[in-house]
Structure formats: structure tokens, C-alpha cells
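To keep things simple, chains are lettered A, B and C as they appear, and every chain counts its residues starting from 1.
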Amino acid sequence: MKFFRLRYLNAIIGLVILIVIVGAAIFAPMLAPFSPERMFTGPRLSPPSWAHLFGTDTLGRDMFSRVLHGARLTLYVGFIAVTIGVVSGTIVGMIAGYAVGWVRGFLMRCIDLLYSFPEILVALALVAFLGPSLDNAMIAVGISRTPFFARVIYSVVLVERSKPYFDSGRVVGAGPVRLMLRYLLPNIIPPLIVVASLGFSTAILAAAGLSFIGLGAQPPAPEWGALLADGRDNMRLAPWLMLYPGFAIILVVLAFNLVGDALSEYLDPRQRWRR
Amino acid sequence: MSDAMVQNSPETVQPVLSVRNLKVSFEGPKGRAVAVDNISFDVRPGEMLALVGESGCGKSTVALSLMKLLASPPAIIEGSVYVKGREIFNLSKEEISKVRGKEMAMIFQQPMTSLNPVLTIERQLTEGLMLHEGLTRKQARERARENLDLVGIPSANERLNQYPHQLSGGMRQRVMIAMAMSCKPSILIADEPTTALDVTTQAQILALMSGLQDEFGISTILITHDLGVVAETANRVAVMYAGRIVETATSNDLFSNPSHPYTRGLLGAVPRLDALLSGDDMPSRLREIPGNVPSAGPAVPGCPFAPRCDRVKDRCHTQRPTPVELAPGHIVSCWEYA
Amino acid sequence: MLAACFLVGLLIHLVPGDPVEVMVAKMDAVSPEQIHAIREQLGLNAPPWEQSANYVWRVLHGDFGKTIFGREPVLEFLLSRLPNTFLLTICGTVLALAIGLPLGFLAAYHRGSWLDNLLMFISVLGVSVPAFWLGLVLLVTFSVHFQFIPVAGDGPASVILPAVTLGLVYSAIIARMTRSAMIEVLTEDFIRTARSKGLPERLVLMRHALKPGMIAVVTIAGLIFGYMMGGQVIVENVFSWNGIGRVAIHAMLQRDYPTIQGFIILFAAVIVTVSLLLDLVYMWIDPRIIKS
């Protein structure tokens, strides 16, 4: 019994963190004492104090305000990237799973090709060619996750299409589009939710990484990865500058991981398709 | 078949294996589920006792708990088991390891997955011998080769160097038997040994098992849901229903005079060629038992078969039936006879 | 591989952005004619597909072009940095396996216990930590408090911090993967068979569970090596480690196409090689593969 409660606990911790962070993101303008971009709100590089909970950066901007506003960016980035990845992955995966012959062969070959690269590398390469910006980073991260989502969806579709209900749909004369949307899609949704929630954490980490090396969010955007890059330049003088954005990233990613784990246990006890 | 020997064996002969009040339950999210409910039975020297019942009645749980192979916790095992008069449930982990494989050995249902895919047949056959009998690797290999011959595996020498995936299902089950027999245990527990095999192989494996049993005088517990298998090979039968033993008898008695309503139901559900041929007005349809096997849950106070029984009385629901001996060795737990 | 090269080449030229513009942005007063001349010289005026085809043709002959800024041959330039990257990846992988495997085994064996729960919580936490942030924290801690470990550069001792960073981050993933792989092995029927033979628990684990578990572990190690090759691209930058990752990021920030292309192709080659090596290892440990 203890076992079950502990599992539960993890999910609750994750949910609570998520709610807090989403709340912080929504109400950031009200909660933040300063505008994230206002300079010289206090002395430069001042350590954490009551006036500046997380201290100030080189330009005297309030770190607490910046981290709070960063939550908006981070969640937004995660959401868009996951949406891009999930939508494109589902389309590719469903077509690959539904089609036969060379279409499937070609699609899966492409997916496997991309999948054999580490995702962060695919994202890096894409963003290098698209040009450094937060929007491009989101797109790149989304696309870099597509092969993973596509593979998951592909394997689920393969299982689902071998079940009797699929054949019965075919027998009553449903066309391919109808078969995919009305018969396959509803059954794909549970695993989709799980990979999407776990995908959030990967996407956020990847986007933060891109911003950190200067290929994502551009200054003065208070994206957490970019804040870390700022902090890096002053890490000896003001180590707190890189501490708080880091904690923020860990919290969000941890929350998504905990919720995703709990969801996957709840929705799919076998976890076959998980890495 | 050595029916004579068993029938002659009086109650005074010490049983090889005695099970007393074995109870196995599982702690689950919905409370405690009882899988095996207070069962007791004896296995006499050289006999083959069949434990029969539908899937889910707890017979495999009995087998695993006898060897203490059930993971515990989740499982809670109570009661006592005596091997040649020695209680084994109180033994330490190390001591029980010395009983497993040496005194009691087991054959499992799935020959495909019960052998380790990455170890050679030799490794898997010899490790027990080296452990329990202190043989050297060379001696053990020699014994393993003999054992493979014994279970009818041709070119044993090459087989020893092979891996399980290179063998057919029937061959693998033969290897399992050779493995179980390697230390000449006094008790062999065979948990549905033929279920995963095709029909011709089934017959061969059964013939092999009864042959070996006769040859070495090993007592066997055969766990099965297949009454045909029972009729062919077992001396004595214990019928299980929902975690309890409802009827025990010699095979002959059981088939000629099934007494528990459940046993009668089981036999009625088996197609009988003789009835068909003799042209009796016995219904040519197979009779089935109405209702379903109850899933393991909290223990019921009365007879577990009551909801499906066609002769159910009031007290069947409230009081647990006491065992009655109809004839020597023929014991039934049913209020019909009390 | 070939398809990958062509794809990479085509992709690069289909997207907006131009190295020449980046280049000239840093100079004063460059006339459009000069720009055109540079482009012509670099072969950037041909249509994309032609550039790609040319590129593939040249790569097949071992010519990866020259870096746009340093005018060095790309292949030699990258290959000179590759040993550093390998050193770091191998140290990181070994460290990650050394931490992650035992913890994963432990959690699997005590599945469901408080120890398992604790270990798994720590590993979820570990998976959630960005590698570059951990790198920075280590960097600050060690540069401030312990002066004896070099914090940057590429001497043999300065591999310690980046390797520890990578090792810690990936050990969390390894522990998770090992746990689920071992749980799968430990619930196999043949483990029960081994116990039924009366083997002591130690032998059951060492002989019957470890070897099939190793097959899963090799898969994991291969995956991790690949992840780490990717993950270190950023970590190299944190520690100014002179590997191909740092070069690549530098090239990306400057739109140095030939270098980026070369990097990706080299990377693909490494990954293909690693997966071939893995197949060899599988053949060595898994008897089922030898036959088929």
C-alpha cells in the first residue's frame, strides 16, 4: 500500500510545481516587482536581498522579475515545440503506419535516419541554418523531436490496425482518411498524452540549451537558458545569477517528468514504447 | 502403471510430502485476495498425484509456494510443508536452497521461456549437479549427458554445447525434465508440463514422465487442467476449485464415481467417445457448468462452488463443508454427503 | 550516408541567411561587386541542387571544402579536434555507466522498496538537470574552492570536470534504463527456474540475470554514447573544451557552412560506426544472434 501512495506522491508534487509555475507565468506582470527589461533598478550585480530576491545582473535588472517572466517564455517555447513535434510526428507516424509498400519504407527510412542523430544535434543544425532566434529555436526543437513522436505513433498504429475494430471499419467502407481520423486517432491519444508531457521536459531542456549557446532567445529576452549564458559571464563575481534560472529550469523539467511518469504508468502500464 | 503399489500402501507409510493448512494470499490495492485457502494433502512414495482445476483456481500458486518460489511480499504464505517429515517453511534461505533441486524439483509450463537463453544447455544442466552433489565440471558434464540420453534426446554431446533457441519446444521440455531429474529428487512438481506443447509431443512427454517416475520411484505432483492427462498418468487426483481441494480420490474412483458436483460438472464437460459409440441416449451435447470461475478475492465463508451448484442448499452459502470419506481414500468436501 | 550528405547539403542552401553577409558585416565598406566575387569564389552562386550535387561529389573524393573564415581544409580541421571529443565522450560514458549501472541494478533488485523509490526520485531529478548548468555549477565550485583542478582548456587533467558533468547527467538516464531492463530480466521465467534448482541468490543474479541484463546494458551504453556525443556539444562550450562540438557551435554562430556540413557528416559517420561496433558486441554476448 505504501508503494501506491508513494507513486501518487510523485505525481502530486509534479502537479503542484506545475500549477505554481503556470500561475507564476500567467501573473508574472503582477507578481514581478520590476519590468524584466528595466535597467538600473538597483546596484549592478547586487547579491540577493529583500529588494532584489534573486539579485541584479550587470545592467542592474532585477533577476527575480526576469526569472518570473522567463517562465512565460519557457512554457510558451515548450508548448509550441511540443505541438510542432506532436502534430508533425503524428501525421508522419500515422501515414507510415497506415500506408504499405514504398511509402512506409521511405517514411520510416527518413525517420530512422533523423532518429539516429542525437536530437540536440538535429536542433542545433536546424537552428544554425534557420538563424538564431527564439522562434527558430522552437521550430528546430519541435522538428528535432518529430522522429521520436513519429516512431511512437507508428508503433502504436501498427498495433491498433491489427485489431478487429480496424478491419470492421474497413468492412463498412470507411475511406483512409476516415479510418485514420475516426478509428485510429482516438486510440493514439493516450500514448500521445504521455509522450507529449514527457516531451515538454526534453523540449524545454533543448531550447534552454540552444539559448544558452546563443542560438535561441536573443537578448534582452529573459529566457532561462539565455539568463544562464548571462550568468556565466559573471559567474565568479555573481554566482547567484546562474543559480536561480538553473533552479527554475530544473523545477519545470522535473514537474513535467513526474507528471509524465505518473501518466504513463496510469495510461500504459506496459510502457513498451518508452525508452 | 503402478496402481497396485499405491493401493497397497497403507496409511502407515510416511508420506514423502505433507502439506498442512497451506494458505496463500496477496495484499492488493483492493484488500487481501486469497488464492489458496487452507488446503492439506499428502503425496506418498512413488505415486503421481494430479492437482486438477480450471485456470485461476490456484493450482500453480500451490506449486510455486511449495518450493517457496512465490515472491513474498506481495504473497503471504501460511501453513506448513513437510518433506520426508521435515518442516521446510521455517528453514532459512540458505537451507531451503539445499532442498530445492535436491529434494524437490520443478518443471514449468513454458519451456520456451523457462530456460536461460544465453547459457548453454550444459551450463544449465550441470550447475545443479555441481552445487548439490559436489561434482567436478567434467563429472557433471558426463552426468548431464547421461540424463539427456535418459530423457530421449539424441546426440546428447552436441546438444550440451547448444543454446535453448536451437532446440524445439518438446526438446526444451525434455531438457527441463532432465534438469529437474538430475539430482534424483524425491518429489517432482510438474506445473502444466505439456500445455505449451502440441498434442503428439504432449503424449511423448507424459510417457517419458511416467516412465521416469516408475524407474526411479519419484513422487510426482502433476498440475493440469486436462482430465485426459490425468486419466492417462495419475494414480490419485485432487480436484481444486477456487483455492480449495473439493475432492480427492484415486483416478479410477474419481472417473467411475465423481462425487462433488463440481467434479461431475468437470467430467460432464469432457467429450466421451464411449457414450457416443454405445448410442446411449446420453445427450450428445457437452454439458457445461453454468457461471464463471470466481476470481481470487476475500475468502468466502461457505462453499465456493455454491453460486454455480445445481444442488445448492442454504447452508452451502454460510458454512464451510467438512471433508467426508466416502470410501477409503475418497474424500469429498460437500454438504450433500454430510 | 550518401542520402544524408545530399540532404544536409540541400537543406543548408535552401534556408535563408548567407555567410558572406555575416562575413562582410564585420568589414567596412564592401561593394556589391566584391560580395559577388567572394560568392563566386566560394561557389555560392550556383542553384542549390547543383551546389548539393557538387558537394556530395567532392565529399566522395574526401574533399569537404575549406572553412569559410580560416580557409583551412574542413576535414583536417575537424579531425584534429575529434580525439579531444572522443576522450571526453569515453570518459563521460565510463563514468556514467560506473554510477548508473550499479544504482539501476540496486533499484531493480529492491524494486518497490524505499531505496528504489529514493533512487528513482534522484534519477528523475538528475534527468531534469540541464547538463550545461551542472557544468557551470561545478565550474564555479571548483574554480573558487579547489584550485587544483584545471577548470578549462584541454590538458589531460581538465577532462575531469566536463567528464564528471556528462557522467552525472547521463548516469541518471542509465540508472532508469538499467532498472527497467533488470526488472524485466528478474521477472523472466528462467530466473524462477534457476531458483528452483536451488542456486543461491548470488549465483542466480551473477550467472542467470547478469548476462541477459548485459545485452540490455550494451544497448543502453550505445544509446548513451550517442546522446553524449550530442550533449557534449554544449558541455564542450561550457568548459572551453577544444573538441568538435565547440568548433561546430562556433561555425554555427558564424554560418560557416562547409564546417557545419563537415561536422554533421563526420558525426553521422561516428554514429554509424558506433552502431556497427554495437552489433559486433551483440554477436559476442548474445548466442541467439550468431545463428541467424
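Convention: a contact is a pair of C-beta atoms (placed from the backbone, for glycine too) under 8 Å apart; a residue touches a chain by one contact, two chains touch by 3 or more.
This is a predicted model, so every value here is computed, not measured.
Trainee: Based on the averaged CA atom positions, which chain is farthest from subunit C?
Mentor: B
Trainee: Ranking chain pairs by how many C-beta pairs touch, which one is first?
Mentor: Answer by contact count: the chains A-C.
Trainee: With chain centres defined as C-alpha means, what is the inter-centre distance between subunit A and subunit C in Å?
Mentor: Between these chains, centre-to-centre, one finds 20 Å.
Trainee: Could you state the distance in Å from the CA-based centre of subunit B to that of subunit C?
Mentor: 54
Trainee: Taking the touch rule as given, give the residues of subunit C at its contact with subunit B in the complex, in rising order.
Mentor: Going by the criterion above, the answer is residues 188-190, 192-201, 203, 207-208, 211-212, 215, 285-288, 291.
Trainee: Can you check the complex and tell me which residues of subunit A touch subunit C?
Mentor: Per the touch definition, subunit A meets subunit C at residues 3, 6, 10, 113, 116-121, 124-125, 127-132, 201, 205, 208-209, 212-215, 225, 228, 231-232, 235-236, 239, 242-243, 246, 249-250, 253-254, 257-258, 261, 271, 275.
Trainee: Of all residues in subunit B, which touch subunit C in the complex?
Mentor: 64, 67, 69, 93-94, 97-102, 105-106, 108, 110, 113-120, 123, 127-128, 131-132, 163, 165-166, 176, 179
Trainee: What residues of subunit C sit close enough to touch subunit A in their complex?
Mentor: Subunit C reaches subunit A through residues 3-4, 8, 11-12, 15-17, 112, 117, 121, 124-125, 127-133, 136-137, 139-140, 143-144, 177, 180, 223, 226-227, 229-231, 233-234, 237-238, 248-249, 251-253, 255, 260, 264, 267-268, 271-272, 275.
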